[in-house]
Amino acid sequence: MIIQKEIVLKPQKRGFHLVTDEILVQLPELNNISVGIAHIFIKHTSASLTINENADPTVRSDMETYFNKVVPETDAKYYDHTVEGTDDMTSHIKSSILGSSVMVPITNGRFNLGTWQGVYLCEHRNVGGSRRIVVTVVGE
Amino acid sequence: MIIQKEIVLKPQKRGFHLVTDEILVQLPELNNISVGIAHIFIKHTSASLTINENADPTVRSDMETYFNKVVPETDAKYYDHTVEGTDDMTSHIKSSILGSSVMVPITNGRFNLGTWQGVYLCEHRNVGGSRRIVVTVVGE
Amino acid sequence: MIIQKEIVLKPQKRGFHLVTDEILVQLPELNNISVGIAHIFIKHTSASLTINENADPTVRSDMETYFNKVVPETDAKYYDHTVEGTDDMTSHIKSSILGSSVMVPITNGRFNLGTWQGVYLCEHRNVGGSRRIVVTVVGE
């Protein structure tokens, strides 16, 4: 069985945000899947998805600190793609480092994540707006 | 339905290259899939795949600039795996940062990418040659 | 056909470790799949999975050298999430850069990897313990 849904995630400020529940609430069909995988894909090149710690919010703020350090906006002077500002090319770079999709196993109608895992929306733009994702579930 | 094809991508110079059309032209079977996912996998450890902006070519050259800065060849002195030159270990590192595969949703016989998204071949070697990929489509 | 198994990988010291065979020995069902994909997912946020060179062990030690340089523990002073030590937040960061899962094509009952490719467990903690993974095979 294949289920596919396009979901809109609400706008977030620049940074890393836990969105597992925002996705799950729009995916009641998951209950019918006893075993499978879910592909969660973001249709943008200046925001990304990753899986990381779901408990302490400082993990999310520290992630933002780290990626701003390793992909600094002050480097915009080395780039040619800068029409939309100093957060333009840095957002594309962060997006490819972190990735445009995550893949989660499904077991007994639920995401089979580790106890401490959650899905993050990584918003790399200062003003990103709402973000569209496509969730495709392949299961039985 | 599962479709799997091994595809050879033509040699590219070191850098980031848009290959969505080069893949699609070798994948006419996609027309028969109304919903599904495509796994695109590169069978090499010194080149990688990512999804990023498909319009402005300076995004691709700026990506090369960034990755050469964060994984510099001048660091070869810290590495032991250097038999094939200063672009040897750096290519392995870039390959794991960017990843050996991308996963694309399929909707109505087409890759369901965002308007600005394309698939990049990231060639990390100075002389990489042609690159083999395996595309596996799971769909209905 | 969908096959899903939870597998425990034996504890490894901090660093990059080739685990292809440790996974395959626990996955005899693969023989029955003529074509498909395998999703290999780690249920932790301080260890990760990647695909890289399977031959020269110095690739693995050089990977550890690189990631310690680009995600240095001496940066712990910039982070708030430090309860478990200087290798705590750095492990979360490395985990998102490298990724929580890899996806491998299956052809004729075997992982269809390139000649030089293998699956790495990337252990980012000084003492990580055994690591649980979920392997989901979608195939025919």
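Letters are used for the chains, namely A, B and C, taken in the order the chains are written, and counting of residues starts over at 1 for each.
Heads up, the rule we're going with is that contacts are C-beta pairs under 8 Å (C-beta built on N, C-alpha and C of every residue); 3 or more make two chains touch, one makes a residue touch a chain.
A quick note: this is a predicted structure, and the numbers were derived from the prediction, not measured.
Asks: If chain B and chain C share one sequence, what is the angle of the rotation that overlays their CA atoms, in steps of 5 degrees?
Replies: 120
Asks: Does the chain A and chain B pair touch with the same residues on each side or with different residues, judged by whether over half of the numbers are shared?
Replies: Result for this pair: different.
Asks: How many angstrom lie between the centres of chain A and chain B, each centre taken as the mean Cα position?
Replies: 20
Asks: For chain C, jot down the residues that touch at least 2 other chains.
Replies: 70, 97, 99, 103, 138
Asks: Can you list the chain C residues touching chain A in their complex?
Replies: 2, 4, 39, 41-45, 70-71, 75, 78-81, 89, 92-93, 95-97, 99-101, 103, 132, 134, 136, 138
Asks: Quick one: in the complex, what on chain B touches chain A?
Replies: Result: residues 35-37, 50-53, 56, 58-59, 61-63, 65-66, 69-70, 97-99, 102-105, 107, 112-117, 120, 138-140 of chain B touch chain A.
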